[in-house]
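Shared between the two complexes below is chain A, which pairs with chain B and chain C, respectively.
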Partner chain A sequence: MSAKSIDKLMTGMLYLIAGVIVLLLAGLLGYILVQGLPHVSWHFLTSPAKSFEAGGGIGIQLFNSFYLLVLSMLISVPLALGAGIYLAEYAKKNWVTDVVRTAIEILSSLPSVVVGLFGFLVFVLQFKFGFSILSGALALTMFNLPLLTRNVEDSLRQVGFTQREAGLALGLSRWETVVHVVIPEALPGILTGMILGAGRVFGEAAALIYTAGQSAPALNFGDWNPLHIASPLNPFRPAETLAVHIWKINSEGIQPDAAAVSAGASAVLIIAVLAFNLLARWGGNRLYKRMTAG
Partner chain B sequence: MAKEKVITSKDVHLYYGDFEALKGIDLDFNKNEITALIGPSGCGKSTYLRTLNRMNDLIPGVKITGDIRLRGQDIYASQQDVVQLRKQVGMVFQQPNPFPFSIYDNVVYGLRLAGVKDRSVLDEAVETSLKQAAIWDEVKDKLHDSALSLSGGQQQRVVIGRVLAVQPEVILMDEPTSALDPISSTQIENMLLELRGQYTIILVTHNMHQASRISDRTAFFLQGRLIEFADTKKIFLDPTEQETSDYISGRFG
Partner chain C sequence: MDPIKEAMLHRSRSAKLERRGRLLSLACISLIVLVVLAIFIFVASRGLATFFTNKVNLISFLSKSTWAPAVKDAHGVPQVGALPMIVGSFGVTFLSAVVATPFAVGAAIFMTEISPNLGKRILQPVIELLVGIPSVVYGFIGLSVIVPVIRTVFGGTGFGILAGTFVLFVMILPTVTSMTVDALKAVPRHYREASLALGGTRWQTISRVVLRAAMPGILTGIVFGMARAFGEALAVQMVIGNAALLPKDLISPASTLTSVLTSGIGNTVMGSLENNALWSLALLLLLMSLAFNLLIRWIGKKGEMK
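Take a look at the complex of A and B:
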């Protein structure tokens, strides 16, 4: 066979593989959406779940998912920024930073069930936070922090040395150079990573089953005092999230319409995660354009 | 008549680890003149230039001895504020390195960080600096476009404008035109001729024509040593050292 026909054959193979992957994904998404969307209504999105009868919604679970997301991002974003900036800009290459990097690598590949069990032992039992939003948020932080840190470090490293030189030569201090030159340049990448991380956190179930708990007590959406037990903002209440809810319905749901609720909830979850991904692409591009065009 | 010296350096040695890159350099720079540093690749021109604003401090394992003074002040003294020094001694690199922001934001960068907020002051600084950098006419209608959208030669002039905006006393330039096309290079040379008389400029170049055309004095480096330092005319027409004349006539390097 001539080089040219081999080339053609190989290109064809690659197209075929890519096509299969796209079809698989599209099929999966399509299936979930087609199955689930008919069950999604405003009532479904806003009303509480029912344990024994049909007609329950996912309102509280949806709120819990977002609240947990916000809390865990509030904890993990500053930490990831700090750690990433330190590793990229200040850390000298020695065994300590090598250990830190390896630790981050290992943490980022821990199965989320393990993170969940760790969270259960440490936050739920040891610190006596119980099954609560707080325990869940801390577990999610454990799960999310390594990847976020890696992302921040990588994004900062992408910024060329000449840019740092330019800042320093202009009379900026090291810290000013990092804050005013390097971070703005790396921001689109950092932001994209954070939004993708948010999507990952939003869909996470295993790390939450034993930390945020599997029950969603009724909430009083008229009471926003975080210290009140029925307040949606109370960080010490148990909080089943959407992903956990799906898992639970499928494993022990006894509602007559369990299959429908599960399908509807899955569709909502998929849409949310998809939205995070699209937002990450769109926001990153836009921000990059904004930053580079003043 | 003795000219005022802005920077003096005596017996400067620099070591990258065990490697001695500068072997005792004595060199001083007259106020508002252009001094060219020439010599073959690897002879230590950039290294020497970067001792003058302490950019070598960033490289681990560097050791510097000797005495370098900016208007009589020892810049390696322990109380020297390096950040302040780099404001007084600006630097332009070989590769244009604008920040990925707008042209305007690039130029006012140093001023903004110094706390200048007044819009009219900033506007005026942008106009003055970009005029000095001979790029105002080309960019005045697109100051808010990205500096990265400009050609390499335009970027380099914006970068020079960015340095001028903080009004340094000395400007170090490390082969500022070697990444540019001949027309852009000539534009920058003409601009430097305009700046002569207002700024003390130290220019590293491989371009003999450039050195002879725009510099007042020329220093010839070879293997970490300063071989000859004199008026540019003298260096190019009647060098004292054999090595200088060999280099200039292109017999090596």
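Take a look at the complex of A and C:
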């Protein structure tokens, strides 16, 4: 075969591969939405799950997912900001910084089940938080922190050095320059990273099954005192999230309509994650336009 | 006292703020490093107890194939052979990497060399969406589509390494693809121009120049994908069948380190041998993730030296 016909053949192959991947995603999304959406209704989204009979909903799990997300972002965002600022602005080029970077790299590549087991050992057993939202939020923080930190650092590094010089020339200290000049400029990038991180946290399950637990006790949505045991805001109650729920009903299989419930829950989960992705793209661009002259 | 002298002798408000801010950011970064250390110390102290407290032989732990921590053999030694899980984990990892690599590299070539326009408009968002889909959803689709298909085509239960490979293939595809794209984009334009000027066709240029130059980057991407596959827990656990047996073929139920961990740790008592043995598996998982990390660094260094 001549070089030219091989070239044609391989080009065709590459088009085929690209087509297969697009079809794969279309198939995945199509399957989940076609199977799941008919099952999604207001009743499904708001009523509690049932263990041994059909017709249960995902109301409590949905609330737990969002509450856990908010709590873990409250803990991880300030930490990631601080750590990112240190790496981008203060860290000197020496072996200590190398060790720190390696540690972050290792943490980001740890399997999430190991992070979950560590959370189980330390927060659930050692600190006696039990299977609780707090343990889950701390485990998710460890899972999310390295990626957020790297995102903050990268966003800060994108800011031109002249901006820092301008701040310093005005007599601001380095910290004031970072807070008042560099961070506002880097904000769209930081925000995009945070929203993508939120999407990742929302779908995470392996880190949660032994920290936030696999049960969803009944909640009283009229009682918002965080200290009451049935209150939705109580951080010390066990809280099964949506992703954990899908895993659990599929591996236990005692629910007669497990397939339908997990299809519905998967559809809700995917729509939520897609919404996070779109929001990150659209919100980042829009914020950037508003804050710059562009 | 002279106000100027006083101002010189005391720290200004601004300098205090600077010190406080610096300390604050240092505290954040130290916390992260501390957490990493703590993870290693805690998991290692639990995982090593199997060998030091329960006197299990390390060699037999790694090479025996009977996983029954509750049962003792004729010599009174508990049977904790992790070989089935080790084989299962490495099996799904390598197989899924072998399946995913041609697709990922092909897609990356398509996006950078063949049609950057279609690549940016269609394939890029497709890859980003694939990353975003949560692993339990992949597991659920595997359970409700792939397992029944394998059952009808090959017989058996449908659960096993083949099903796990399929699920992991889709999960690591975006990781490997996007890293390969970065590697291909980093190849300087004049390499391609030189090859084309010599009369090479596009495919000759891609296969003999671009891929060759981007090889370290592509290998890094594949190892990253393998690390992800090795550590993935729930999606694999849902389709692999969870039988701690040495896998005979690809379609009989097997297990991985992660699947045994997720299904076992809640059912054992803290401090018992059954529990310690599971923590040893977690330690093994931790060490493997470290090994993948070292491998990536080594490839990076090798690639740099050209």
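Keep in mind that, in the parts below, the second predicted complex is superposed on the first by the 273 of 294 C-alpha atoms of A that agree within 3 Å, B and C clash if a C-alpha of one lies under 4 Å from a C-alpha of the other, contacts with A are read in each partner's own complex, and residues count from 1 in each chain.
The definition used in the following text is that a residue touches a chain if its C-beta (ideal position, glycine included) is under 8 Å from a C-beta of that chain, and two chains touch if they have at least 3 such contacts.
Quantities reported herein were computed from a predicted structural model and do not represent experimental measurements.
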Output check: A:Leu278 vs chain B and chain C. Expected answer is one of first, second, both, neither. What do you get? neither
First (chain B), second (chain C), both or neither touched by A:Ile6: second
Between chain B and chain C, more residues of chain A are touched by C
| message | A:Ser173 in the overlay: touching chain B, chain C, both, or neither? Say first, second, both or neither. | response | both
One more residue to check, A:Val181. First (chain B), second (chain C), both or neither?
first
Open item on the list: Contacts for A:Glu165 in the overlay, against chain B (first) and chain C (second): which applies, first, second, both or neither?
Closed with: first
Regarding the shared-chain residue A:Ala259, is it in contact with chain B (first), chain C (second), both, or neither? second
Residues on chain A touched by both chain B and chain C 171-173, 176
Interface with chain C, chain A side, in the complex: residues 3-4, 6-7, 10-11, 13-15, 17-18, 20-22, 24-25, 28-29, 31-32, 35, 78-83, 85-87, 89-91, 99-100, 103-107, 109-115, 117-118, 120-122, 125, 142, 145-146, 149, 171-176, 178-179, 199, 202-206, 209-210, 214, 243-244, 246-247, 250-251, 259, 262-263, 266, 269-270, 273-274, 276-277
So, in the complex, the side of chain B touching chain A is made of residues 53, 55, 58, 83-87, 90-91, 93, 95, 97-105, 109-110, 113, 144-146, 148-149, 159, 162-163, 166
Listed in rising order, chain A residues that touch chain B in their complex are 160, 162-163, 165-173, 176, 180-181, 184-185, 291-294
Interface with chain A, chain C side, in the complex: residues 14-15, 17-18, 20-22, 24-29, 31-33, 35-39, 42-43, 46, 102-103, 106-107, 109-111, 114, 118-119, 122-123, 126-130, 132-137, 139-141, 143-145, 170, 173, 200-204, 206-207, 227, 230-234, 237-238, 258, 261-263, 265-266, 270, 279, 282, 285-286, 289-290, 292-293
